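The two complexes that follow have chain A in common; it is paired with chain B in the first and with chain C in the second.
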Partner chain A sequence: MSDLSSLPVAFDWQHPLSAILTSDVRAVDHLEILARPSIARVIAAAGESVAVAAILGGMAGVRAAGPQEWIVLDDDPQAALPARLAERLGSLAFVLDAGDGEVCLRLSGPHCRRILAKGVGLDLHPDVFGLGDGGFVLCHAIRMHLSRTGDNLFEILAPRSYATSLLDALKRMGREFDLSVGLSG
Partner chain B sequence: MSAHRLLTGGLIDRGKPLSFTFDGRRHSGFAGDTLASALLADGVSLMGRSFKYHRPRGVMTAGSAEPNALVTVGGGTRREPNLRATMVELHETLTAVSQNRWPSLATDFGALNDRLSALLSAGFYYKTFMWPSAFWEKLYEPLIRRAAGLGRATLKRDPDAYEKAWAFCDLLVIGAGPAGLMAALTAGRAGLRVILADEDFRLGGWLLSETRLIDGRPAHDFAAILVEELAALPNVTLLPRSTVFGWYDDNVFGAVERVQKHLPIPSDKQPVERIWRIVAKRALMATGAEERPLVFGGNDRPGVMMAGAALTYAARYGVAVGKRVAVVTASDSGRQTAAALARRGVEVVALIDARTASAQASPMPEGARTLTGAHVVDTLGRLSVEGLVTVRAGFEERLDCDAVAMAGGWNPRVHLACQHGAKPVWSDVHQAFLPPDVGPDFQAAGAAAGLSTLAEALGDGVRKATAVVADLGRSAPTVPLPEIDAEEAASGAAASPVWLMPGARSKAFVDFQNDVHAGDLALALREGFGHAEHAKRYTTNAMATDQGKLSGVNASGLLAAMKGLSPAEVGITTYRPFYTPVSFGALAGTARDEEAVPHRLSPLDGWAKAQGAMFVEAGLWHRPAYFPRPGEKDWRASVDREVRTVRAAVGLCDVSTLGKIELFGPDAAEFLNRLYCNPMLRLPVGKARYGLMLREDGMVFDDGTVSRLGHQHYLITTTTAMAAKVMSHLEHAAQVLWPALQVRFASVSEQWAQMSLAGPKARQVLQAVVEDDLSAEAVPPLAAQAVTLRGGLRGRLFRISFSGELAYELAVPAGHGRAVAEAIMAAGRAHGICPYGLEALNVLRIEKGHVTHAELDGRTTPDDVGLGHMLARQKPDFIGKRLSERYGLTAADRGQLVGLVPVDRQRMIRAGAHLLREGAKPSTLNDQGHVTSACYSPTLGHPIALALLKSGRERLGERVLVWDRLHKEEFLAEVVSPVFVDPDNRKIEPKEPA
Partner chain C sequence: MASLISCPHCGPRPKEEFAVRGDATLLRPAPEASDEAWHAYVYLRANPRGVHVEHWQHVGGCRRFLVVERNTLTHDVLSVADAAEVAQGGAA
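Then we have the complex of A and B:
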């Protein structure tokens, strides 16, 4: 017989980067690893992209992710974003929970563009890649979604399986500027 | 003060003396020196040996075109060969050694080659080492490489870091000389995003060597003021120590920045070198011009160098290259240089002008003789020049000197503009090859465009940049041109170059690094290799690491003269990246060791590590191969145990790496029905089905499962290796083949941790973790449904089996994966559960006759692998339907999947081995098929294999020869059914409770 008494009543949730060493001191250039954001992918049903865009347009944390596709993010793990969006969008769109499949990183500081230039072949000058702009890019052969969320603030969403490699790459890219790394929450 | 250091002048910091060694001997220099300038200042003129003849050589230039002074710098893991002493910034404790000599630079036994030069003419090895042919690789080539070579690279691991970076700009200015600085300033003031790159560690180009005043101040001060303003502009990026080495498609330029090469000990925070990929809307090639050597007898003796270099050493480094300098010229610039050298305090003893009359009468230094219409026929001395032999109208004269400055005119540095295939254009007016017109995005400016005066260069920089500013829709501010003290008048048409001074009494070198002299080119022409490209390969002219920066144009001019043609008709060899050598470290960047490619970790990676897994790289994934236990001597012992445990009890395997794609929409069913070759339209909600995708050519593309989660909601799985390709396949089908179908899909591979629980006790174990009823009635084979785990966690459960056992695949949100796997292990402990890896998974599926991409290798049809019954030919269409009916794909003698058992049960069969008829001669001509997968079956107790055998299904019971030529193995095997274990599938649903 199984020893059911030793089994957990709930299953812990683990961030793929939970075991990393974080910096003791936050530097001017900093990489924040979001502990457990709520992330949803929204795919408009055929012919409904305008309606979906109109609804999402009034929400915070919406990132364009391709033709008729969006990523919506909320820092609060309790936000239950996929369920809320599914309810709100109804048959207009298909909503997928991506909270376990993606990691979210935020790179901030005066040198963040120079750091990203070591891996991303995209012109990130604010005249070209302005506030709110975003898209999928390659960084050291890792596909990630990059968006500008502030003058010196970029948000990165990357597949969970690549998280360790991407973090290693970003740390190397930021070494010249003493980039610090921290896990939020 | 060292022997040749001038008392005043130069841009060196005399307050910062630096100590260094060359060939073990201690020297000193100053901050701001190069290795070459510091050695010259210390009276060292012998710096290297030539490649072929091992002739003594000294520095020829003061820049990146240097062919002779190649040295090895540093030691241990940081030893770097073939560096140009002219480009090595001096630093404290620098150690340099000369190359390609033994036992010493002054006494080199390899110089015997020079004595034997009559036997070693151009192309000698093509003629001499023809036979016996087997000797070439083993004897001749190693000997030649040993005798003629460059420095030796260290084989130790490079301790330094390298990286690559992207940069974007409106205007890239290549070269920070007069034209480049003015262009960058013009564009920078206009607000353009400007990158100014220069290979030198100090920006200024020729302005650093210029002896005249600009706007009433020294030229280098004028340059410093411009650089200071540029550095203060936020829209301007200065890249000193950065060589733009290549021009690529879409106006992308490659540059290598020597970030820390000039430091004694590099910081570990920065790379030592960085490759820049610069995307420029417009670019200006302000690369200046290279002075052209004169080809005369003995022109390679140490102490003979370019006149402009001699002036640079005097003006920039405060070094007199000799105490008695003779200037040999065939152009006005030689006269000007002679005068400038004298202004810097260098004693010029003679000016030998090959022309009978000079267009310009520069005032000659006091005491210097002028010999017009004279030619140099030889130089005197052994390890350094001690004099010249000149001939004028038949009158021979010896001149004492300890340095010779030669000025044969100027070659615009056109290389970058020619890297897309356009050829330089010969100009009779300029008597030089000028850059081709490659369009408005990339233009030449200043001396690179053929302009010969400083004023012209400064003005051209402003003019070209102004045009770029306007072209990009901005207005340029007025940038006033400076006044130049005693500006030389533009000389108009350039004098005809002197390609070869007649009467040479010793070798007159064209290519100094590869020891190609004028006679070699004549030989090439005589033997039918007179085309510029043929002559290059026949003689090796311009094939050395300097890529003919000094020799290319002279070779072209000489060939033209020999043929009685214009250089325009002969042309010049092709210029390709890289402009100058780039280290392998820089090219690799961060892509080295384990960082060469990213690696992917499963959500169960931490669980597998905690279970002691040994990992294997499968593509980018790190997957558990097996889980050794104490006492197990090798991997086979672990795998055998894991397989036996799954067959007898239960095992847990991580299958998270499978590709997972969710599909939605009213046409999702139709979409899938066309994608897969088997029927999908009537798959019920809550059920899964094995699916086979074909390519258009009828071959199997990938396999996996299709699960219907809702009326318009599907989940498909792919093999790990094909996940991305299947996603692309779906995109293609939706966007190109059937855009009218209303279907949307997304990869959810990363969202779910998925684990396979297999074995007769799987249900009991899983039931301890899942709250739903898992009975055979509730979850029958091929069920696909949502389940609730203890504590309310929602997951997906699939009743599918790859092992042939009672099995489930449980998917949970990835973040919970490890905790769920640990709970299953805890629940299964009483049932003898074990984790199993990729190796055991492979054995289990071979025993069961299931195929993977070992069989689905792109050359097999469904029928080949025993899945022909899946082809639903009654469907109106599916990808691969039409071409799968080709005769070749339905022929009876195609390879068909069979099982193999060795007759001698001790023989291991290897995948890849060929199959032949028993008694046939081992030869691929007799090939009957091959082994696709093989393993030891712990269930059966002997080796087994899967194979593709011609008409295999008709040959069960036959004996075939297994032939593995690589391992020199031949033995017999019996052809059997590919399903070795439980052919009736009874174990999928055990009748009795386990």
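Then we have the complex of A and C:
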């Protein structure tokens, strides 16, 4: 048996999109790549979805992610969100720290719906896809979480292994509108 | 096949988000059932011209298994329900 204690315990964390070329000028339609948000995925224990929904309902940054499932996001990487949620929800739910597993992108601008319409098979009209609505969708064969967080603001969460492919797709979707891309922070 | 399936959790979605998982009307025989019953369960499928009841999984969305009733002649989707609820209700 090898001695595991000799393995390094501190890893150099790198954003999967840190090497991409960002736009020099910010256009009206902009795709912001969040530096390192704190992300927690919550799945309610059997029969506890109403109780979990009631607790999460009073919190900020909660996105619906399907039946009995939620994603909670905080821009601050030091928020220790998963630990706080796990403490608060106790045995009502399972909480997973997804901060290192997912990337978060924010698409804003007057043409954001027309950009998304090139890849997402979803009715994004403001009357249909309201503020706070969200769910998993397929975009250019990549399963991502899409939520509407503002009038012309959409938030995208995708696995980090798909980040470069998804960004490439989003850039092509936004080329018609001169979509700019930039890292936040 | 219709181009949209109304997922009970996610709403109307393009059929490309779903994966078909086969006939939903089959009932698994008992372990001691005859070879004929197992052969029929594993291999024999009716392919009617008209209404099919199938399991579809919303792989691009909520990942739930659904029971979709659709018509192969008119391409209408007649009903969509969560497979877990169907199993608990004893329907399908």
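Criterion: the second predicted complex is superposed on the first by the 175 of 185 C-alpha atoms of A that agree within 3 Å, B and C clash if a C-alpha of one lies under 4 Å from a C-alpha of the other, contacts with A are read in each partner's own complex, and residues count from 1 in each chain.
The criterion applied here is as follows: a residue touches a chain if its C-beta (ideal position, glycine included) is under 8 Å from a C-beta of that chain, and two chains touch if they have at least 3 such contacts.
Here the structure is a predicted model, which means the values were calculated and not measured.
Shared-chain residue A:76: touches no atom of chain B or chain C.
Contact comparison for chain A: of chain B and chain C, B touches the greater number of residues.
In the superposition on chain A, A:137 makes contact with chain C only, not with chain B. Residue contacts after overlaying the shared chain place A:122 against chain B and chain C alike.
In the superposition on chain A, no contact is made by A:151 with either chain B or chain C.
Shared interface residues of chain A (contacting chain B in one complex, chain C in the other): 69, 121-123. Taken in their complex, chain B has these residues touching chain A: 161, 163-168, 193, 268-270, 277, 279, 590, 595, 597-603, 606, 621, 662, 664-665, 742, 744, 746, 748-752, 764-765, 768-769, 789-793, 812-820, 823, 826-831. Across the interface of their complex, chain B is touched by residues 1-4, 6-16, 19, 36, 41, 43-46, 68-69, 94, 96-102, 114, 117-118, 120-123, 125, 128, 140-142, 159-166, 168-169, 172-173, 175-176, 178 of chain A. In the complex of the two chains, the chain A residues touching chain C come out as 66-67, 69, 121-123, 135-138, 143. In the complex of the two chains, the chain C residues touching chain A come out as 9-10, 12-14, 16-17, 59-64, 82.
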